[in-house]
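Letters are used for the chains, namely A, B, C and D, taken in the order the chains are written, and counting of residues starts over at 1 for each.
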């Protein structure tokens, strides 16, 4: 259920709606929009009766929400979410460029790559300090030392930092250094991590799981939003199929469908989808062609 | 094995290479290129000794072919194949537009749609006279009456006709009317059909099978080429995956990988991939962004 | 629509129902069952009014059929179809064993393998005279000479012959020699082949396509049955997935679901699913555990 | 690298091998087997020279390990791992039965179901106290209160308890109550959770991820073993494919392939694979037919 307020509804009227919802044993989350505020009702098992709210002062209408996700839905918020970073933004029209190495290896490596990607127009720098690795014997990242290097990249070059958190404890440490906290594909349904991401106070980049449906992906975003964090950026990175000519099959229709269903920005990571250097640039162009809000690409200084 | 001739090799020198190959119990197919002719050796079970050919007059070099397909391979022919239709072409740079209804229903329907798509810039008209249907109880197409309608569309509007053949007998009838004979996704490994397509004297549009690998798709094209028809156009139309938000998952990386492996032109059918009208135009833009040689789209006059 | 007749309905009463159906411009196919006859109505676009038939003499009831397939459906025929071969049968309880080489290579090879599989309890001999091959340069089978060898295997050893037809012309030649005509996975939606199979007068073994849904598979069987051939045997042989440890992923739940939806017998081919010799026997045991009506296995005399 | 000791190697000889390995800056994990001890070398980037160890006293041979996983590999330990619980065991021949409800709802519910499954022969009781849910608004489990109920089931009925941990903090709390700690499919690549599972001192049931390859699954088990926990039980529960007639496609060939590659026991969960009650029993029979070491089934008292 979504209680849509009049354009000129007062703060007191909104408060009364919130109290009414809470008096029913449910949760109320006011979501201010460009035109009006809507109050999202969470926690109801079955459908609610709109007449509970339709007569209240300041209420335009109470509308049932038909999707299993609520806060991420376009039904709840018709205008697109724009996540702002100083003068930069993800969502709302432009194509944000996030670039950098797979893993943070050294300060020298990061500074060289960061200088290059800034020159190429990127405003966001990516690099992993904590790396989720298939093998326990592979390099697992520099950890906090890596985060400190990323912090110095931001200070020196003015780039916004995107870096991954791999569990809910590490997430809060990551959030101290990052401008955007990344939740990786393997953790898309790690709900403890998603809940922490919802309470970390930083924008979250949520990658699509390797074989996640659109609904599962949006439900993962709902976990983050339902903990109070409205700043979620979705990232398509290819899905696992029978096809063996690229690492994953980039699913650009997902960008289009997500945009219809949700107000959240969607970016595309062609590097992980392709797993082959020669495919990255044309797939990035294709992502722009479907109006992705940004690109996330891997850059090596000694590829 | 590919026997590459010198630029100035004479017809007699080429003939001698062909005879030499045939004397080994193998098949020889000369493939004239922009710069030089190469003679493709078919039918050998294991690797051949290049010294059989390297000493012959007019031979530049004999090179082993490492892929299971030969005639479709870029190793055999580095320059792109361009299929020409009067002043129009598929391959070699532009974006050919093929548009029309799913099925030919009546002359009136076809003429209306054909006039509209011609106005929109299409030079090719598609429409099914023989329809492969999941259900035996569904409309199976107008058959030869449909082919005749398509012939009148060509005569009256000057559009080139693309239409599907669903078995090897029907294929020769279709080739009498069509400018391009289509082999559909369900028939991509119908080898009797592919062999007939190789002997029909018309360019062939070969759709990728629903779960075909790139190699299987190129091998299907090899069937057509090995019967003597060099004019094959490949068409990516989405593959079957777990994803349920679109009918198929459009695999644009396939366009890129095919172009590296083969000299054949590749077009994209976003309508069948999406199965939803709202996704067709952005996916078509994405196809152009990966340098597809053309687009094939379904158009209804009363959608 | 299915018009179910009374147990004691007369032939004249059935004929009148058929005529009534035909007078509506539709097709009628009487399907005699163990208890009673049902008349299947084909060709209607929308739902029919049961009252057309409910008042007719000999009619028990007219029931709408909710599935897109009709003749293959358990709604149409509750008792299982049993396909009989002399004293042998496929369906109805036992586990039929079909064994033999991938391709017919020589009479000597076939006789040796046939003798061995007969000793091991097989009553059915398989072997390909026409082979659908990914590569045009691979051995395509002995053709009619292979069929003749198979005929001699039957004559000498008393095994029933299962062999594949790869197009609708070849199918009638195959039907002259085979006891069961096989339609392979790549041809599951080759509708010209399916229609020919429906008119060939021999039982048909229909393999599931590489990425066919249950509904598509049953619709392919419906094509065969709707041409007048009630003797269809379904064969699960694994589907294409991301998994790379076996050639295909054997889908045993398909056997169970098909048995619920259809009266047709279902067998399992573990050899093609696994693509690895060591998996064949345990997967065959698993197929028996889900009550498959038979097994189809590849046997080499010099593996 | 695996340093295999002689049958009669002394503890001192083993210690010297461990020290030698550590002196190279690598990790050594002695793995006692039925016949002999092998010392697993972890942490080397490239291949090691066997001559480092071949001359040492008590060493039979030093053999390179060819797979990316080491401790889970049959190369490292040819005999099967048997996980023992009093007189019960998982692995080594029998079919262990793990049964119980999806979620712990109340003590009454658990006691009723537990009594029933014990009567049916189960020695292990499953039930979720922490539930990973697609929706943040769904019941997330009773948490620690649920664990206490499970503890009382064990005390009163003598069943061993299997229950899931959903993050690395909760895991240690779960391990206080559980006899087997479950890591669910969505968390198969949650490496913080896997590492905690490796240090929890209880056997771990590791479900296969929804689209995990065999190698990724075994690498996840390697994470647990490399932290010092040799008691890992693998659980196949179906993979995500295009097929829509069952929730997941049960991949029984995975049981067979895992058994070849690894010494760890493998069980099967037909309930989650099928997602339909009517398929569970036949799929369980099929799992036994491929020699699964156990079954895990969902049981409702009011289904």
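We adopt the following convention: contacts are C-beta pairs under 8 Å (C-beta built on N, C-alpha and C of every residue); 3 or more make two chains touch, one makes a residue touch a chain.
Being a predicted model, the structure only gives us computed values, none of them experimental.
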- prompt: Since chain A and chain B are copies that touch, is their contact same (over half of the numbers shared) or different (under half)?
  reply: same
- line: In terms of CA centroids, furthest away from chain D sits chain B
Task: Would you kindly tell me how far, in whole Å, the mean C-alpha position of chain D lies from that of chain B?
output: 50
- request: Averaging only over C-alpha atoms, locate the centres of chain C and chain D and give their separation in whole Å.
  value: 41
Query: Centre to centre, by mean C-alpha position, how many angstrom separate chain A and chain D?
result: 33
Touching two or more other chains - residues of chain A: 211, 240-242
Query: If you look only at chain B, which of its residues touch chain D in the complex?
result: 211, 240-242
- prompt: Tell me, which parts of chain B touch chain C in their complex?
  reply: 42-43, 68-69, 132-137, 166-170, 186-187, 189-193, 195, 210-211, 215-216, 219, 222-223, 226-227, 240
Query: If you look only at chain C, which of its residues touch chain D in the complex?
result: 211, 213-214, 239, 241-246, 249-254, 256-257, 260, 273-274, 278-279, 282-283, 285-291
